[in-house]
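Structures are listed in the sections that come next.
The following pair of complexes shares a single chain, subunit A, combined with subunit B in the former and subunit C in the latter.
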Partner chain A sequence: MHSATYRLNAVATMAFTGLLALCLAVSVTELAHKANPEASLKMHGVHHFKPLGGNDEAVLSFQMKGDLSSCFSWNTKQLFAYIKIVYETERHVRNEVTVWDKVMTSTEEARIEEAFLSKYALVDNGSDLRGRDVNLTLAWNVMPYIGALYFGEKVFAAKMPSEYMSDGRQG
Partner chain B sequence: MGIFKEIVDELRGMSVRQLVSQVLSLGLIVSSAFMIWKCLILATGSESPVVVVLSGSMEPGFYRGDILFLYNGRKEISTGDIPVFNLPGRDIPIVHRILRLHEKSEASFDPEGARVDILTKGDNNYKDDRVLYDPGQLWIHEDNLLGRAVGYLPYAGMATIIMNDYPAIKFLLIGFLGLLVVTSKD
Partner chain C sequence: MDLKGQQLCEALATYLILFSAIVAFLFGIGTQSLRNLFCVYGAGVGLTCLVIIPNWPFYNRNPMKWLPRSLKKD
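For the complex of A and B:
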């Protein structure tokens, strides 16, 4: 009854159960966390807008003033913040193209007030971007130390130029 | 070595009836594990509801050896989601984030082809995944996806990685646990 295996088994089971309960408790605390992220984002400029191999390509820049730091709770490892351009064309009912992203590992990094260039070009799967109304979506993925991953987003409006251009000049 | 001696002694002292009952209880453990796995598959809609991260391409979010819980439900897939996908002809599933997504309209939708074009990228990678896809392949599609990551448990998959790297440890562990169950008394 009181053999070494029994003691080992009991200790291991207890430790495992305790750890599991603790993990569960920590991930549940996230439900009580209220975040009120603030952000304003607008298209700052279009620096290049040309078709390349049949697909419209655009290099954009953005003006952003945002504070996502309230998304951090004690169980938040990082935010993955990204800007996606969401639009609809005749050929595609839903286009979502990421043009910028940033891994934010601290609350300091989650405060942004600057203008910056897109990290990835806006590339359409076709050539339907001219004059297109698009949604400029700032989204963030809250990634925990343990538990559920979840998303948040704020949507802003923008419009693509009606003519191709390069270096800010039409032509 | 005391533990092994104990186990062997115990096995020797068993009647046939006892032995059969112990083997059955081992079978019960194996089959309930199997049932739980199948129920998870039903509940999540993913054929592989729990996966171990095998590469560092999503660091610092996910490290090698962390566990992800997948869901393959009705909510439509969206840019920024982290799907696990299989590339045709390759065994190892990949966990990366969706960078671009284009869903074809009714008019341009070819019934033979795929409805949604997806391009992925690892958070920690410099370039998108076209270098990983087959030469000339530009997109992956919904049928490549096993599910999206919805939950995260760090380190818990390290044992799987160690056992895959050193199969001998796997057999030793399974054998030892099996013996332990067979010899344990209720």
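For the complex of A and C:
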């Protein structure tokens, strides 16, 4: 502490240590945050379901009524919500296909009550989707400003049509 | 800055930063805003710099007493 530059150095070091401690403390508050996300999701329709080059391809739409706004805490930057179709076939034990996603940056955006078309096609690795029981999984990542990202999900059952079809609106 | 002043300076720096961090955290939680938290902490650090870095008169209240210079040459 004998010179101004030494004191500047000391204050800077202490300030950064304090900053680190603050960041740690902020990320720990996330543990106390109780979220109560609600959602119901069902398959609204299948608009296109055809094999393409040996792989089944489907365009789906969903009916969703959900409120993920309680996932937001003071340390939440945004939610990344997505719908994945999870199923099992004889050839492949574990299949997960993401067909829709959304970045939610506010609590208003985290409330959804609408029917919408999938953003990405459901493409099977093979042609085993006809009549298949699938899980519609609504999953979300809670992305904080500081600290660890974490996941949540809700699973809903659905069934693919037993025959190939197209309603003429897609593909 | 004398030796007592340096001791005081170091203690002041530590407690001011600690105090700023605690106040900033509580204010941030209270207003549910990370922006407020870091603004308050930044202000606290700025204030600490003002108190610590210049050689204020109150750091020089205990000047060192040096031994008288020996006149004898060896």
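Here are some notes:
Following the convention adopted for this analysis, the second predicted complex is superposed on the first by the 164 of 171 C-alpha atoms of A that agree within 3 Å, B and C clash if a C-alpha of one lies under 4 Å from a C-alpha of the other, contacts with A are read in each partner's own complex, and residues count from 1 in each chain.
As a working rule, contacts are C-beta pairs under 8 Å (C-beta built on N, C-alpha and C of every residue); 3 or more make two chains touch, one makes a residue touch a chain.
The structure presented is a predicted model; accordingly, all values stated were derived computationally and were not measured.
Legend: residue contacts after superposition of the two complexes on their common chain; A:Leu31 is shown touching neither subunit B nor subunit C. The wider contact with subunit A, measured as residues touched, comes from B rather than the other of subunit B and subunit C. Contacts of A:Lys84 after superposition on the shared chain: subunit B is touched, whereas subunit C is not.
Look at A:Val11: by the touch rule set out above, it reaches subunit C but stays clear of subunit B. Applying the stated contact rule after C-alpha superposition, one finds that A:His2 touches subunit C and leaves subunit B untouched. Of the two partner chains, both subunit B and subunit C are touched by A:Tyr145. Residue overlap on subunit A between the subunit B contacts of one complex and the subunit C contacts of the other covers 4, 8, 145-146. Against subunit A, in their complex, subunit B makes its touches with residues 2-3, 6-7, 60-61, 78-80, 82, 97-108, 117, 123, 149-154, 180, 184. By the touch criterion given at the top, residues 1, 5-7, 9-10, 13-14, 17-18, 20-21, 24-25, 28-29, 32-34, 37-38, 41, 45, 48-49, 52-55 of subunit C touch subunit A in their complex. Subunit A contributes residues 1-2, 4, 7-8, 10-11, 14-15, 17-19, 21-22, 25-26, 29, 74-75, 145-146 to its touches with subunit C in the complex. Within the complex formed with subunit B, the residues of subunit A that make contact are 3-5, 8-9, 23, 27, 77-78, 80, 82, 84, 86, 89-98, 101, 103, 105, 120, 123, 125, 139, 141, 143-149, 151.
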